[in-house]
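Shared chain: subunit A. Partners: subunit B in the first complex, subunit C in the second.
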Partner chain A sequence: MKPLVLLVSALLLVFGCSKENKFDEREINLISPEKIAGFDPINASDRYSGNETGKVYEGLFEFHPLKRPYELMPNLAESMPTVSEDGLTYTVKLRRGVLFHDSPAFKDGIGRELKADDVIYSLKRLADPKLNAKGWWLLDERLVGLNEWRAKHALLDVTNYDEVIEGLQKVDDYSIQMKLKKPFPQFLYALAMPYTFIVAKEAVEHFGKQFLNYPVGTGAFILPKFEQTSTITYVRNPKFREKFYPTEGEEGDDKLGLLADAGKKIPLVDKINVHIIVESQPKWLSFMKAKEDLLEVKDVNIQQTITPEKELKTEHKEKGVRLIMKPMLDVTYFAFNHEEPIFKNRKLRQAMNMAFDRAGFNRLFHENTGFEAHGPVPPGLGGNRKEFKNPFIRYDLDQAKRLLVEAGYPGGKGLPTIVVQTRSDTVARQQVEFFEKSMEKIGINIDVGTNTWPELVNKVTKKQHQMYTMAWGADYPDAENFLGLLYCPNQSPGSNGANYCNPDFDALYKTATVLQDSPERTAMYEKLNESVALDAPWVLGFHRTDIYLAQAWLKNFKHMEFNHSQFQYLNVDLEVKKQLSKKF
Partner chain B sequence: MIKYVIRRLLYLIPVLLGVSFIIFVLFNLVSGDPTAVLLGKNATARQMAELREQLGLNKPLLEQYFDVVRSAFTFNFGTSWATKQDISQMIVQGAYPSLCLTLPAFVFATILSLVISLVAAFYRGKGIDLFVRIMCIAGVSVSALAYILFFQYFFAYKLGWFEISGFEYGFPDFVPYVALPAIIFVLLSLGPDVRFFRTVILDEIYQDYVRTARAKGLTEIVVLLKHVLRNALIPIITYVVIQIPSLILGALLLENFFSIPGLGGITLNALNSSDFPVIKAMAILSSVLYILLSLLTDVLYTFADPRVKLK
Partner chain C sequence: MKENSLWKDAFRRLVTDKFALGSLLIVLTYAIVALLAASGLIAADWAKEVGGSNLPPSTEHWFGTDIFGRDVLAKLIRGTQIAMSVGLVTSLIAIPIGVILGALAGYFGGWVDDVITWLYTTFSSIPNIMLLISITMILGKGIFAVYIALGATSWVTLCRLIRGEVMKHKEREYVQAAEAIGGGHFRKLFIHILPNVTHIVIINTSLQFQFAIKSEVILSYLGLGVQGEPSWGTMIDDAKLELSRGVWWQLAGATLAMFVVVLAFNLLGDALRDSLDPKLKGK
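Presenting the complex of A and B:
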């Protein structure tokens, strides 16, 4: 009898122990498709690390969660900064009464008030040569004296954070003055990025090398200790300052219910659970089982989500699931290595652009959700003119063949086999194979070069490639971030992996990128975008679409490209969750 | 035997030197510059040069080799380049979920495979044996991914018997999360294990001593369990023990699909981010485990067959 009881107990333990959804806690469940390396803002280089860092840390400014085009608003700063007439000196006033999370790093374990010294310390950490931060590029050659400070401390054993730098000075406990070497109109965007989120010196010193596992910020949520597990659980910061849900947004937000919580104190939930799920199927199944409140839909799951008319499928509608589809600020491309003599031939580059079957590619790999890129700058940014149609984007094999003749390679004769380097995963390889088939139609032979990510990066940075494929997502909403991909001084190992150099483009880029946002600058960006597109430095791909599914009970979610600060505004309707969960 | 064990343990020294050398050549001379990947998409040439200096990649090659040797002998692997976490801590933290999944599944799979193999051998040439053989071939013919996708969809999503993904530390909290991947692990192991065990057992069954045992009037069960199994144990022990390092190093595919934060994922992430110290640590760890377990295999031989003497 005893073994039987044991067996039954064991079976009970194993079966039927899948956890039920909770309806009594004001919590939201989210997915991170990548592992999080740690919580040090200066190294939050990818979107997903930024999203997690943004739950506990904050920046001086943040992107308005509702307004579009993207608009900055003060966050830890009390107001938008005052900027000198020459655009070089920024004075930022800090909000008073902002407290760091309680932590053993502070005296008596009680979080203290954030002051100007913390801002200066955090920005200097980004420049500390001992830390070699991933985000250093953001301030490299920007602030007066910062590069010199970095160079000096590269030779010293200890970094002296007390040394005053001209470009980064405290005016009083609640205001800081920052001096730029030359105009950097994107500077305020930099101060809204996770790299520049504010940390406390005591926490960095107390936790030492383990600092990245003990986030001590000022944000709406607390994470006492980060561990590499499958769930990260944040709880509401009970000492979070008086911060309120915005009372205005974009037109139509009201109808969508995005202003229902206007004026309410945030955060609106008590807990956020972030589940690390890498593979597509478990992500999809967890959402469909109502275990997750939000799902970023990718690859194979797009077909399960929308109809060919890009409508949400009925079975999801019946469960109250919402579809959110918005164009991304990104661009995909097949880059030529312009140091290869054959690619100095513009006609060849144009012919290859015209032979690329974008419609077929879009259907096969993006379920027709991508937008053909006519230039590097995506729609939604100044510099992308709706009316501009790049003539070489048109799929026209006859014209492509004619251009190939003009290029001196009739029917592809005389051209070597061109190797296109890509990642080794299946979809990446299939995409280049599709490109190979397209080029074959005009007689150009393509080989697929598959690489691990480090191998691909190595080949591009060392210029050991003929062509490679890449996608670039915006760091901030400014065309400079895309046009810089073709700026000669940024060539490998920089972001211009095509090693494209065009003196006219470079001269105009240099002039435009130091101008403040204005019609004059937009016109220059447009000229840059269009002229370079006609020169065909890449075979242009697509501006992709972000697709999200949100459960009916998840409130206040609006598509946001730079969403690291967005989570504090989310809300959950437990009554709706209780009712609709039965349908799952 | 003690002398033998000490001698085998001393073999660890040249083996670790050799492993260190191979790792050093692979990572420092053959593979490319890791700094571009580590610094991300906006890396500059100057920053890459600074990072190379900081990571010690500009040190004389001999010095870099000694660093690898030192870490192999002291097990002090330093910190991860990509995550800045302490590597020993990462390994300990990752080994726990990996073992929660693989160890019980491995023990169960081995026992079950042995039982099935003995049954198949007992009924050799008959219907049951044929059925087992067909099932084994069918089992190994279907890809592991197909099993994972189907079981996760059907048992976790459709029937809701198990968690779809995730992990919780501590017993019995982890059970709902590892139960389904463990069942898949067992199913995936059954095919190759049963085929191997059955072949080994059948090899023994036709030996003279088995005929003698039968001639003495022993029952077939006693012949199988007392004589055949005991003599078949040596290849079985070799086969089983050699799999143990892979248990500790994780079941990558299962861990990925069921979001179990084990060592498989840590290794894969390290490979994708050029995190050489983590890859080196995992390579050294698996070599040491391999050597220690082959020693354990030798020791187990003496228990399985008293004729084996370790000298």
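Presenting the complex of A and C:
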């Protein structure tokens, strides 16, 4: 009997002492739903690596945390740049007194000041052929001389960063001049993305291949070493420059308490813990035990969060939990491979659009929180016109059947079985199964092809698919980012995985995308969006809704599409946390 | 006194064991269900929407409906067909390989034995699930790949057992007698020795079956198994997410179906060994 007693008490010791919530530390607990590959900005291609990279590193510009529509503000840059009349030359002045984190990479281990050379170095790293950066597309064919520099160094053993490039020059230690090959109005957005965050040459050289595990940035938080553990802990940067919480925001922010900390020096907390939890159920439980301050609610947990009327359920309200629901800048779609002869048939594509039961799909997979996409550009961006109704996304089986007859495939006769490639996770598979059932009703046979993520990317890149499913999230708030998905020169291996080519569309796209934001450009974007929607290059899906739950004590959280820089503004109210935690 | 043959004797012992008889009946029921489903007599329209999404079990739908409003019971039946067919086909692949290679190795010894032993030790040193995954990757996904993958990986145990048994038997008097009257290798091995080791094959088949069924479920759960057909594995995969919504019937149904048949095969395997192994005779 004795060993058993011992065993039981040992187990109690292990499980009984689970971590209690602390009320004395000014810390914030967040979740990352994906493993983080590392902290090299040039490879921060997905949202979650971007979020982590953004806690340590900074860019020249950053999106205002409160203002909507999204607005850029200077960050490491002292002010917004001066742009030459032809829109080709940008001069950026740097903020003085910005220090890198202390690191053994620097002399005496003390972080030095950020200078113009660091900016030039960081942008050149994106182009370094040896590094094969995931973010290279952002600067590809943009800066004068950069592509040539890249091509030249592809053949050399060592990359020479000292070589001066015409499009990327230092004026003095605190100002840089950048020259574009052709107008690229989205260029400043690019300088706010994680890819272009500024790194220090010493750190890259000191840590070598390990650089991705030793982030040395200028940001509000420090992570001395990144390890593949289940928690990443960032601590406040004691030498962080004088940076203040914004004093103005969108209308109504005041009422939501988002301006309570206006004018205070950031960061407002001492620590950020990021817990890496991949599975949805553990995430949910952890939030419900008040171990997390913020939860991005996905798929199955939506039903546990809101009522059918899209209200927060009372059980959560009682605990003070806040619901934040905002439409995302994204679009989901089932893409045709336009190199397949059958999909050159517009009527077939339109028929399939009309046979897709979007209401049913929305109910089953988005709990009715999705918005049917009428075109590729989501609401909230110039180019999406509310009044535009795409007639082919109406669910009308009779009309779909008629179109199918006109397409030359009455009742689906003559069509092969079409394989739709998707990821192998449960929801992705079920979504295509739903699509299969929809198409069955007009006689089109669909098979589900399941793939791991790399397999799927590979099939799309090599054009080895008939159809595939995808969701595209905005990189920056400009319709160009969505319309580019259908621009012929972007076809595989680029982002136009449908390999859609339409000369009229391409011509207008070329004209529109080099214009600065103007009513004229918006009108062109609208025309592009609407004309291409009618041509049915994809079976359009949804613009989804982001759903977040925030604990009452988490302050200053506002929904943000490009949220990698937002974490430095968060705050925690320990009094509220202490009081409410009894309810958990 | 009337002397019963080995097989009659074994059968008598099997049917007097209640557990064994019960297991046998369960296995037979599954087999019949699978046959009926394969012939399209039942659950042919499993893909049809019969009601709302995720309806709980009722008298109309004993196991409720799934996310698309399909009858879970019909999917279970269809899954039974898949599971049993996987069990059967993989056994048909694995048993001949195992028996022939095992018999050759045990009988001839020498370099033949070395080669075959090397082959099966190599096979068994690779983690099964990894091998299965790589085979499905090469052959593409689908039920055919599952047959091949499971068949090609599950012959090792049987091969080893047969090899040992044949080694033991080849020195026995009856084999020597066969040799004395001029029997060749083929005759000695296949006419004389093999019938005396058949009981191992039968016991093994029962265990082989349940191994194959379990593996199919795991593969399908991982998304590597059958595509576009309901398998117990895919049903459990679906249920993983549904469970948090309180939808338990699909998980319960698939798990129960698998649990019962695997348990039945295991009990049957045990009972078969008890009744067929001559050394346990009379106990």
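Here, the second predicted complex is superposed on the first by the 572 of 584 C-alpha atoms of A that agree within 3 Å, B and C clash if a C-alpha of one lies under 4 Å from a C-alpha of the other, contacts with A are read in each partner's own complex, and residues count from 1 in each chain.
FYI, a residue touches a chain if its C-beta (ideal position, glycine included) is under 8 Å from a C-beta of that chain, and two chains touch if they have at least 3 such contacts.
None of these values were measured; they are calculated from a predicted model.
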Practice item. Look at A:145 in the shared chain and tell me whether it touches subunit B only, subunit C only, both, or neither; answer first, second, both or neither. Key: neither
Practice item. Identify the partner contact of A:231: answer first if only subunit B is touched, second if only subunit C is, both if each is, neither if none is. Key: first
Review point. Touching A:426, do we find subunit B (first), subunit C (second), both, or neither?
Key: second
Check your understanding: Which partner does A:132 contact after superposing on A: first (subunit B), second (subunit C), both, neither?
Key -> first
Exercise for review: State whether A:74 touches subunit B only (first), subunit C only (second), both chains, or neither.
Suggested key: neither
**Study point:** Touching partner for A:301 - first (subunit B), second (subunit C), both, neither
**Key:** second
Check your understanding: After superposition on the shared chain, which partner residues are touched by A:448: those of subunit B (first), subunit C (second), both, or neither?
Key -> second
Review point. Any idea whether subunit B or subunit C touches more of subunit A?
Key: B
**Study point:** First (subunit B), second (subunit C), both or neither touched by A:281
**Key:** both
Point to revise | Partner chain(s) touched by A:43 [first = subunit B, second = subunit C, both, neither] | key: first
Review point. In the superposed view, which residues of subunit A touch subunit B and also subunit C?
Key: 281
Exercise for review: Going by the contact rule at the top, pick out the subunit C residues touching subunit A in the complex.
Suggested key: 47, 49, 53, 67-68, 141, 222-223, 227-228, 234, 237-238, 240-245
Practice item. Note which residues of subunit A are touching subunit C in the complex, please. Key: 280-281, 284, 299-301, 303-304, 363-364, 424-427, 429-430, 433-434, 436-437, 447-450
Review point. Within the complex, which stretch of subunit B touches subunit A?
Key: 31-34, 36-45, 47-48, 50-51, 54, 79, 82-86, 90, 93-94, 149, 152-153, 156-157, 160-169, 172, 175-176, 179, 256-261, 265-266, 269, 271-274
Revision key, fill the gap. In their shared complex, subunit B is touched by residues of subunit A numbered 13-19, 35, 37-38, 40, 43, 45-46, 129-130, 132, 134, 136-138, 140, 154, 209-210, 212-213, 227-231, 275-279, 281-282, 285-286, 288-289, 291, 452-455, 457-459, 461-462, 472, 475, 493-495
